[in-house]
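Got some structures for you, see below.
First chain A sits with chain B, and in the next complex the same chain sits with chain C.
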Partner chain A sequence: MISSLLPRNLRRTLAGQLLALAIALALGAVVILMIDENPLRVFATLMRGAFGDSEKIAGTLLQTTPILICGVAACIGLRGGMFNVGIEGQLFLGGFAAAWVGFSFALPPVLHVLVAVAAAVAAGAAWVSVPAYFRVRFGANEVVSTILANYVAVLLTSYFTIFLFKRPGGWSETPPILPSAYLPELFSFSRLNIGLLIGLALAVATALFFRFTTTGYAVTMVGSAPKFADYGGINVRRAGFGVLLASGAVGGLAGGVETLGVHHRFMEGFAPGFGFDGLIAALLANGSPIGTIFTALFFGALRAGSLLLEVDTTASREIITVIQALIILAVSADLLLRRKGDRTGGRRWKF
Partner chain B sequence: MEILATFFNVGLVVATIRTTTPILLVALGGSFTTKAGIFNIGLEGQMLIAAFFAVIGSIWTGSSFGGLLIGVAAALAFALVYAVLVVSFRANEVVVGLALNILAGGMTISLMKAIFGTRGSVVGRGIVGLPKVQLPGARDILGPSYAQLISGYTPLVYVAFLSVPLLVLFYARTRLGLYLRVVGEKPEAAETLGISIARVRYIASLLCGLFAGLAGAHMSLGYITMFTENMSSGRGFMAVAILIFSAGDPLKVLLGCLLFGFADAFSLRLQILNFPSYLILAVPYAVALLALFALSWRTRPKLIRETLETMRNALAEKPQDSGGKLPADNRP
Partner chain C sequence: MDIAVQLQGITKRFDAFTANDRIDLSVRRGEIHAIIGENGAGKTTLMNVLFGLLQPDEGTISVNGKPLVVTSPAVAIAEGLGMVHQHFKLVPSLTVADNIFLGMEIRKRGLIDRKAQIEQARTLSRKFGLNVDPAERVAGLSVGIEQRIEILKVLARNARIIILDEPTAVLTPQESRDLFATLRSFVEDGMTVIFISHHLEEVMAVSDTITVLRDGRVVATRGKSELSKRELVRMMVGRDVSFDRRPRSPGSGRAVLSVSDLWARDDRRLPALKAVNLSVSAGEIVGIAGVAGNGQTELAEVLSGLRPASHGSALLHGKELLEHSPAEIRARGLAHVPGDRLARGVDGNATLSANMLMGRQRKQPYSRRGLIDWRAVDRETKALMQRFDIRARGPRDLASSLSGGNIQKVVLAREFTAGGDFLLIDQPTRGVDIGAQEAIHSEIMRQRADDKAILLISTQLDELAALADRILVMFEGRIMGEIDGAAMDEESIGLMMAGIDPVAAAEVQ
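Right, the complex of A and B next:
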């Protein structure tokens, strides 16, 4: 039986997440009824839009890619006890940095991609470095500072795009990047590119890093029991800084993959909400990079399906963000957990 | 000088008071939860949902007061969900807050499409804005050009600014205010005294929802009568930033909010000078970030402060000590 194959903790977590999912979908159905639509029809349309034919499946995987990479970024932060809510901003700056390298310099094919990706990673890490420094040095709350930094990042990239690098005669977008900086595509019928493989490799590598390396263990300890880690001789501040920096770097990578692989230019509002979706995917997976692969696929499917939703029904595609939020609320309640004594507000921090 | 005169005049003060109001209301709401020891990042969503339902309510009931009530009710519903999850289920407050913000964003856009059939914004369609209160006698005392400083605002402006002294009294002089502070600062002590921590936190969360609802209603029914997608645009998060460095103290909250209101009003005026609008729009967020960083340095944890102090004392004493001891040590 399956129950004997999986460890008890994992079984409990899975059962809890599935129960939460069911409750969230039920609540989502109520919301869909509120906007005068048939929930079954909406869910069926979502499924058809996500997995209807091979092109649609490729579309789902295309949406999954940035969510997965952002999800891994969030996982790294969560493991180290840091809420990096600024992945959205790091994604935008990473995307812009990659595009800038892509259209400003002429380099040989493979090298061009590598330099552009490196620029994206550096931009993401640089953007998070200031909030990260103030977090570990002075305890400035990283949730608020990274959220506020998101707004600045989006406006800043818009400014770069429209005032400094606007394509003549175009909309609010930069000139296209040179073909030498394109990420190779996987199939002829879709824009799906090796970004997906990068994301998968990254998720597996992150999981292995946390499972098998000393640093990974140290970071997990800093996240779950900072005092113990400190007592054990780990430099908690340096670990926290490193965690946020790595998380921001991966967030920047997500933006780079998106511009180099999909849009081939930087546009205003090129990747709305991928950073938040990634964070939600990581939360649903309970901070596990491998689990994030599946939750990212789920959210990617919702996103891809929502495109058809806008065409075939009167519902707006934002209904999927409602469903996502409900899922997270249901998961956060952790209904299967038996709550004991201690009413003095000792809160469960899940990660 | 002429440029300065176009910037700094009565109009700027009036604009500052107007832009301060929503953020002051929401930050005062957050002060209840902050004092009660809850880190409430869900202010943004409560404000947004209230702004939307205030518009809906004002269309349905045909009056701005009806809109205000329905908007506040929506924010209270969100605050209740927040309290149930955070207090009763002891869920992670950051996760719940963020999820409710995302829920508010998605829900308002979905409902807007379903009810009005549009994307982007709802304008006109019988939305009734809040009335402007003309204080009698203001014109006679201050003269026509300065009367606008105290007269002609929407009622919520007065509510916001009058709430500051009231909250000071509330925390210092009332039983509930004391309970809130005890629960936030020393939950163990509250437990020993027989105060129900859960009940106090529920009350704090609902009071917070009430003020966030007023803030949202002021956004969509105050000086502009319309609803736009994500129109709270980070004001809830700025309020949280203010709450972090003010620790929920009403007077400090007022100071912080005036700073942001001023940054907001000033950045709008910068547009006269043809600054790129995107950079101007980023000014309030940058100010919030800078304030958060600058003040976090001052409110370092007590432990670090004490360590630094002892180190400084040690360093300051060293020359004297060595001056006195060195000759003695060198005399074997």
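Right, the complex of A and C next:
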């Protein structure tokens, strides 16, 4: 059954993405040479930093979790033809909402987690609802509106943290959440928690949803051929609104998982770039939630590996940002090539 | 014999597919030579090879008795060849003269000499009897005039051998007749015309010699007088096909659709439907004739709930259908074969099964409690592929991998089995091969025999003549008049399609 969840043109997709990756790494090697480092050593250190021992692997998976959940959020949007670039903002608000429930209320253990997660989901959905409404009601481009909403979200949570809920003392962070709201950890030696399992389950569930439910079918058709869906009697606007809302909700969930599982409080700028990394992971996986598991793992490994990179080599952690950017460039160039070859047109993103 | 163009053993392959297979063709100077064949027979490929747009894998070309390697269109143009493509390539924001001299502008001190261009364009259009105003902008001109400009472009480059690819596809009957008169005057002038078509009547009407292609091979080259229409079809399709008027018995006559005083706007917010009145009864095919772009698309969209009406009423089974969603109208009995089948009729990137599922995804046995049973969908798709003779490997093929005719059959199969009793059929055979056309016509007649009410929109008059019980002619959003399908008179339909009331025209004469 799993095989039917993978993209139909899997081989071509894989070949294309691997090629993009190779080009990006080659360009990255050039950049590393320019700072007088040995690319092979840098890549080897990266690998060691990401997968060197079980603690390092757990660290990689810890970084992978929010990227994966954000990636699933992006997949949901892409499948319905919506480009939700606001996952970062939804992540921040979801994280804050979960933390707020976590430190403000005293609830029994399991219930506390559920309420906090629900608050995160609701916050993400609420945050995207305004751009979503403008999109379906007035045709406002959701790329622009969700990207702008990110700035507001990040600054809004900063404001809450600094002016309303600041813990006495130095850091810009809220009081810690109660232990009853902690997500259970998986191992004693790492902060890795069941958030990873939530992400994996979500990815599989999303893939199954799109493949086997009538609603998933309708949404897929709206995404891939909106005029056809309209003609066939599917309410294109309602589907678009629902898709953005679901995408935002999952984005909020990612933030909730991060605060409840890792930081146990909300800190200003607590999860920089996870939303964008998730979006890129989803694009790299061609919008397939199952594929996103692997691309998210790749980005998680890059992030985790870069920590050791800074210790063991003269290359700075920013080199990872450069390599990531190169990967994005190479992958989007591949996207463009494929769109050019798609003569039927009418489709903004191809999967 | 004076040969203008000689092709010998031309073979052109695209990967494993052979588009042209050892084609021999010789065109005499001063004749109109028609190349006829179904879609995919290799007509356009052959002409693109001759014009230097494609390079042949084998074979030789000679023009005016001189062997030639046509590496690019520039070489062909230098030898006096000119090609008018199926899809016009004009710049709408420029004037007629600017378009004619695009790429070979007349210059004075480095600047374009617009005056000289207009003057020359005028001389040219007078000389060849192609009436256009060279100072006018192309945007807003009719398709017929655009085609004249395309021909003038070719003439301005001193072409003596003119290739036209499907020139009449977008013209009214009158415009086609004008075009043929022009072509006739060209050959009287000693020029040579090669034209591609799959339209039998016009080939029989205008050409001197006819070459029939099928599956990339030459079936025959004959003088027109040696051929009958029936023979021509048999050579094109490989079997007997009839487009005579279909025999029929009267339907039940129960009123199904009645439209009164319907108005609607197009995408530019201009009135596209003006006071349209019509009715369709069960067991009846009502045809809508007209040149494309005279409101037919908008009519179909309004009736299917895809476009809002600005005024009027449309009753389906006595209940208003305007202001209802496409889903609601479908639930009340509409089945819709859209004119733009690639954008609306299918999702090319989806499988045949996913395409067949559209509109019935919430019905058993295709789904149960919100879960799709893809096996049942595949099974049903396979059954429909068999019944409608859809040529594909299986239900998991992508729709875009099918030919135009087969894609259309996918749409028909889905819509005709959706259970609706009002069929809105827009351009059912546009771009579809003759063999498939006949099958589609038969299926439409079967639906009529099942007492369905059918509104058939078509720009092809022979299609309407074969199928329709009554024909309404649309011009600029209005119904110009009604004609009995059994006694169709091409002349008066043609006048109405051009916006002229035939009764008034007769009085003037």
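Just so we're on the same page, the second predicted complex is superposed on the first by the 326 of 351 C-alpha atoms of A that agree within 3 Å, B and C clash if a C-alpha of one lies under 4 Å from a C-alpha of the other, contacts with A are read in each partner's own complex, and residues count from 1 in each chain.
Please note the rule applied: contacts are C-beta pairs under 8 Å (C-beta built on N, C-alpha and C of every residue); 3 or more make two chains touch, one makes a residue touch a chain.
Quick caveat, the model's predicted, so the values are computed rather than measured.
By the document's definition of touching, of the two partners only chain B reaches A:Ile162; chain C does not. Once the two complexes are overlaid on the shared chain, A:Phe134 sits against chain B while remaining clear of chain C. In the superposition on chain A, A:Thr321 makes contact with chain B only, while chain C stays out of contact range.
Between chain B and chain C, B touches the greater number of residues of chain A. Touch criterion met: A:Phe276 reaches chain B, while chain C stays clear of it. In the superposition on chain A, A:Phe83 contacts chain B only, with no contact to chain C. In the superposition on chain A, contact of A:Ser145 is made with chain B only, not with chain C. Residues 344, 347, 350 of chain A lie at the contact with chain B in one complex and at the contact with chain C in the other.
On chain B, the positions that touch chain A within their shared complex are 37, 39, 41, 81, 85-86, 89-96, 98-100, 102-103, 105-107, 109-114, 119, 183, 187-188, 190-191, 197-198, 201, 233-234, 237-238, 240-241, 244, 276, 278-279, 281-282, 285-286, 288-289, 292-293, 296-297, 300-301. Per the touch definition, chain C reaches chain A in the complex via residues 304, 306, 325-327, 330, 336, 338, 342-350, 354, 357-359, 361-362, 367, 370-372, 374, 398, 400. Remark: chain A residues 8, 212-215, 217-218, 220-221, 224-225, 227-235, 342, 344, 346-347, 350 touch chain C in the complex. By the touch criterion given at the top, residues 31, 34-37, 83, 85, 130-131, 134, 138-141, 143-145, 147-149, 151-152, 155-156, 158-159, 162-163, 276, 279-280, 283, 314-316, 318-322, 324-326, 328-329, 332-335, 339, 343-345, 347-350 of chain A touch chain B in their complex.
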